[in-house]
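Next up, some structures in structure tokens.
One chain, chain A, appears in both complexes that follow, with chain B as partner in the first and chain C in the second.
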Partner chain A sequence: MTRHEERDVVIVGGGPAGLAAARRLAAAGLRVTVLDEQPELGGQYFRRPAPEVARVWGEHRPEGRRLVEAVRAAGVECRTGHLVWGVDDDGRTLLVSDPAEHPVRLRGRYVIVATGAYERPFPFPGWQLPGVTTPGFAQHLAAADHTPIGERVLLAGSGPFLLPVACSLLALGVNVAGIAEAGHPYRPGLRALGAVRHPARLRELAGYAARLARARVPLWQDTVVVRADGGERVTSVTLAATAAPTRAVRTVAVDALCVGYGFRPQSDLARMLGCAVRTDPATGDATPVLTASGRSTRDDVYVIGEAAGIGGAPIAAARGLTAALDILAREGHDVPAAELRRPARAGRRLERFKKLTDALYPAPAELARLLPATLPDAATLCRCEAVTAGEVRRVARTTAGDVNATKAWTRAGMGPCQGRECGFAVSAVARTSPDVFPSRLPVRPVPVTTLLEMARTEATRTEVAPTEATRAGAARPEAARPEPVGPEPAGEGEAA
Partner chain B sequence: MSAKAPATPSTVTFEVNGRPVNAVKGVSLAAALVGDRVWTFRRNPVSDEPRGPFCGMGICLECEVTVDGRPGVRACLTPVRPGMRVETAGTEERP
Partner chain C sequence: MTTADVVIIGAGVLGASAASRLARDGHRVVVLERGAPGREGSGTTAGNLHVQAVHTRRPGQAVPLDSARFTPLQRAASDLWQDVEDDLDASVELRRSGGFTVAETPAQVRELHDKQAWEHAAGITTEILDGDAARAALPQLGPSVAAATWCPLDGYANPLKVTPAYLADAVRHGAELVPFAPVTGVARDGGGWRVTAGARQVVAPVVIDVAGPWLHRIAALAGITLDLAPVAIQMHATVRSPAGLPHLVQHIGEGLSVKQVSAGNLLVGGGWPARRLDLDGRSDAGVDSMVGNLALAVRILPFVRGLRLLRAWAGPLAATPDEMPVIGEVPGSPGFLVAGGTYAFTFAPLWAETLRRLVAGAEPPVDISDLGPERLMQDLPEKKR
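Let's look at the complex of A and B:
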């Protein structure tokens, strides 16, 4: 049976941004539901360790647990294990699959997209080998599961995130074989510049750098991975200068390689909701067009946190709060002017810091011009469909720069990841524009049984399930009541 | 943050391709497998190459395994449970 439910606000994503927004909105009496596909709230930043891991080895970022507790105490309906995989034809109803893979249709008078970010890989020969992962996976294994990703591990890519991951591995006793950074950010001059205004954040980075230096972890700057070799698991990594990525300079024996070039906004749901996006020239990423409050080009849809543009957890939380206050003001709630100004001011300060750190590392758009062009023809470009760079190049010569035609001919980007891992690299190899695949339904693979169940109940449905969020104690102002859910036109929303 | 354990964690036993494996209670299935040095979670349906977990957050779908007969389960999002029967495409006989 498909359940149909309506809320004041539906928030997709229970990370720092989504939780900050949810807590404030629920505290004001709105009926708020947070959906997250992970088994626990917290998002990637506040990924909750298994209770047994926390008990024995201590808790990673306990402030995340406290935030989740506050959100629950505020009366937010928290639905974990719920996958939002699409948007119905009305452009408003979210198509959701619950933990038992039953379909749920959920509508909010406001929708807040807080879908976060994912890591940016650049393909290289062998990136599909087992044992080659994102740095984020190594970090989750270390922080949430107390499991070392390998015994001898190389970190590569670009950005500040490589440093804390290396430190987490050291703490587990892992031999960190080295860090290959595509840029040359670690110069005292630039760091000193940053320390003038943002001592705390840079001290944090400097602290990681000091620990790595004490452990004599080699740091190779202006260096990229050009290939990984191995059979059933990676055994060695070959490095080259960023400026000359075809000439190998060093080969390192490893049993795991973690490569990531920072983070990209996860904007597919926002795009599916019809929010306009523009390509950020520095990153090449599709970024939603937003007001200062996070309101998208759709009046009832907000995009917050990393999905709105990469900035880190503190910026994400400030954006979440700003969006919540904007909604409350629109709903006629009394929001003190000082409270309105605070997150906006914090956000601006953090954005300045972000610009500073961004300037330390090479712009992803620059790397996208440099690296995919030198990818050998035989290298796997699209992991899911096992399409090589050579196939994409050959087809791109006849498709006149149309990324979708290239995709249709080669199947690159048509697999279950929907081009999230390879999309921008396919565009770079094919030298096409626009540089992102359009967002397609479903944004995640959905079991056929879920779709069938939904289709079966579409024709006969009349019931509207009572909302589980109507809990005792949470007084709802009449002004904030949703309009009643009327019967929707027959035949809509069938699974494609 | 300490590498040495001040207490002994309780463990669970589950099955990987019929073989019993121990893991710390409640960790992700991906961690339980990696902790047991299992890295080939599946084979790519096009190229038949071995594949293992990549993103660790549910978007790449490279960590899909079969759990209690249900295929396509993302190991990185699934907590390990006692008695869970996990099949990977890495070591079992392939058609």
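Let's look at the complex of A and C:
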């Protein structure tokens, strides 16, 4: 092993969860580093607009700026533009590339994985057309660049996130052609009634709904996109009933289409660190096995925020704070009992609310059963490698049950995105769900020059003599990953 | 319980190719596979077709293989590979566009000349070029290359296509493929063998153990103790590159093989050890090997410096303690055949034909008298793993 820097806590991901944890830990005097691949902290939720954009158009969620300022003021080392792409052979040291793509090795006595979520797209004929994107990307463009994704936009997929995105687009003067929701959440019903126990959160959703109603944005429920057509870019979208995807019910003229079925935890790094994952029965997603305070099956690794299970920004922040307090308690810090209870109580309340909203929308595992019927054999399933749904179905007869074998036989998931885009769909079409592609080095494509520099550092490591590096860098690590120690993984209240 | 003529344990490239040959001979063949077919060593291998003498030790390899003994086998396998696509009526991305084995030091250059003697003795045409001639033939080669052996027969086939193509051929000829069926018992049954895989029992006069790195575990079920030394090695794929690298490039003295596959990605390997071998789960690629292997690739092929590494993966290698292949019937266990060991991908068509003839009671296509399993049954107390 080569030289590395050492901190008390290294936090991967500077979104609501990571920032909440960082702020509390640094306030207690721990040496904390936050790594984030984006040029600004905040994550997707508190995405910071470019300074020129903020000057002209104001800020997107100004509370995000205040949180980032508080984190910096607490003495947290914030390293933006730093991509964590792997874990060294010791199973602990994070392999990072800095903004100039130089290698950095960083080790924390504790590692907090707050890597957030991926969107959950599902393909349809025409999804490769320019102008077809995801709701998250449209939101990103609106928040960071004050730029509309199109002039006439259809949003489709499932989940509450479609509503704020539609509102963001309306605020930019976009003609929102409609929202197609695969489920039927927006009907008064017994399950919806439970949400009144959390009027604040309900108000937020109701507020979006009211704005959309005022703008007369059509809302089609039990409806999915079955194809997109166009030449140089998408010009029309065909919709059908979720239950009868072969019979088109409506064609909508658009110049942009955003389709997403919610989010799934970004668990690659947690898995690479050796944290056990389980299949969430409701979502079918690989979700880290965690204690109530976010501790993984590896005693020194916590997973918080959306990476621990999708729940939204307030839950993410509560999880971040809970993990921070757990670390402080283990470090012998005096944490007032009242402070310990607060995030736990808030977390429980929010988790209850999340269960209610989850119940409104079709569960991802259900979508995985429903959506493949919308996808004809000729449709492209993996865009990177141009693999069709038919090819995946054909090999799935032999490789059934092993999503990795399906990938090997078809190349689906072997391209630059490494299955982040198509993974859910491949496993749904091959009926391997629930399953995920194995987490592989590097988590993102890494320049060969970065590796060369690591080799050089290795060759000249005797010339550098950092105080912390020599201690742990003396011996070549044994091949085995440290055994997970600590609490029993199963059962006791996973964060999701 | 069902009966068959041959039970093949393992649906890797050896099991698949043997199943194809035996099914074509009219045997009732059942292939039992513990997971998905072709997903272990056969699905993680580099896909090189080695025809010129392989004289490199992979990093960490304890003993060299006997290159002189290897070359006639490579020659025979090379001839069979030529017809694989026509024979199977499938594309396996077979490419016989030749390969270079490079040398950087005077000692390595001498080794190129040593191995050429074995190549010529086996009827394998090779040519030794000095550094400048090598760079003229393959301009991507870097300045440290002092000489290189050119072999026009070296090549590549996509391992992710070869095994499925053989399996499809076997099934077309009546073989039954049973994936996700780990074998839990192999017992004598009258004059034959009873193989148990979960609820499934098959009785057959012939069992072929081609379980790769699990070969010794399957043999142990039948009460046969074989000494195997499986290791895990790793491979690296870059993003797709427009640079055309038409030939396989290997190193005579260090662990390196580089080629560009049909999709455009460069595959970089050379037998570097994975972080760990996990025969019960998935072996992990390691960072030290990744850095070392890529640095070596850049030294020999400097244009690799401009690429991004897309993916690394590890897979088991069914090595024997003497690094030589193992093939034949187990003495004292009539009807129990084994095949495996190093370079199984290159040798697959040859070992399939050999197994076909052994089952038919015919003479094998090459001399395998010294490659039988008996040598792995000696000195067991010390060598037992």
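We take it that the second predicted complex is superposed on the first by the 446 of 496 C-alpha atoms of A that agree within 3 Å, B and C clash if a C-alpha of one lies under 4 Å from a C-alpha of the other, contacts with A are read in each partner's own complex, and residues count from 1 in each chain.
Convention: a residue touches a chain if its C-beta (ideal position, glycine included) is under 8 Å from a C-beta of that chain, and two chains touch if they have at least 3 such contacts.
Because the structure is a prediction, the values reported are computed rather than measured.
*Asks:* Following the overlay on chain A, give me a clash-or-fit verdict for chain B and chain C.
*Replies:* fit
*Asks:* When both complexes are superposed, which of chain B and chain C contacts more residues belonging to chain A?
*Replies:* In the superposed model, B touches more residues of chain A.
*Asks:* Using the superposition on chain A described above, determine whether A:D402 touches chain B (first), chain C (second), both, or neither.
*Replies:* So A:D402 only meets chain C here.
*Asks:* In the overlaid three-chain picture, which partner chain does A:H146 touch, first (chain B) or second (chain C), both, or neither?
*Replies:* The answer is first: A:H146 touches chain B but not chain C.
*Asks:* Just to be sure I read the superposition right, which of the two partners does A:W57 touch: chain B = first, chain C = second, or both, or neither?
*Replies:* So A:W57 only meets chain B here.
*Asks:* State whether A:V446 touches chain B only (first), chain C only (second), both chains, or neither.
*Replies:* second
*Asks:* Once the structures are superposed on A, label A:G173 by its partner contacts, choosing first (chain B), second (chain C), both or neither.
*Replies:* So A:G173 only meets chain B here.
*Asks:* State whether A:P416 touches chain B only (first), chain C only (second), both chains, or neither.
*Replies:* both
*Asks:* Considering only touches as defined above, state whether A:A455 meets chain B (first), chain C (second), both or neither.
*Replies:* second
*Asks:* Can you report the vertex angle at chain A, computed from the C-alpha centres of the three chains with chain B and chain C as the arms, to the nearest 10 degrees?
*Replies:* 90
*Asks:* In the superposed arrangement, does A:Q38 touch chain B (first), chain C (second), both or neither?
*Replies:* Only chain B; A:Q38 stays clear of chain C.
*Asks:* Would you check which partner chain A:T133 touches, where first means chain B only, second means chain C only, and both and neither mean what they say?
*Replies:* First partner only.
*Asks:* After superposing the two complexes, find the smallest distance in angstrom between C-alpha atoms of chain B and C-alpha atoms of chain C.
*Replies:* Taking the overlay as described at the top, chain B lies 7 Å from chain C at its nearest C-alpha.
*Asks:* What residues on chain A does chain C touch that chain B touches too?
*Replies:* The answer is residues 385, 416, 445, 447 of chain A.
*Asks:* Where on chain C does chain A make contact in their complex?
*Replies:* Per the stated touch rule, the residues are 35-39, 43, 160, 164, 167, 177, 179-180, 238-239, 263, 275-276, 282, 284-288, 290-292, 294-295, 298, 304-313.
*Asks:* So in the complex, the part of chain B that touches chain A is made up of which residues?
*Replies:* Touching chain A from chain B are residues 1-3, 5-10, 24-28, 30-31, 34-35, 39-41, 44, 46-47, 49-62, 72, 76-79, 90.
*Asks:* So in the complex, the part of chain A that touches chain C is made up of which residues?
*Replies:* Residue list for chain A touching chain C: 1, 86-89, 95, 385, 395, 398-402, 404-405, 408-409, 411, 414, 416, 418, 438, 440-442, 445-449, 451-452, 454-455, 458, 479-481.
*Asks:* Residues of chain A touching chain B in their complex?
*Replies:* 37-39, 44, 50-53, 55-58, 118-119, 128-134, 136-138, 140-141, 144-147, 149, 171-173, 231-233, 266, 380, 383-386, 416-417, 420-421, 444-445, 447
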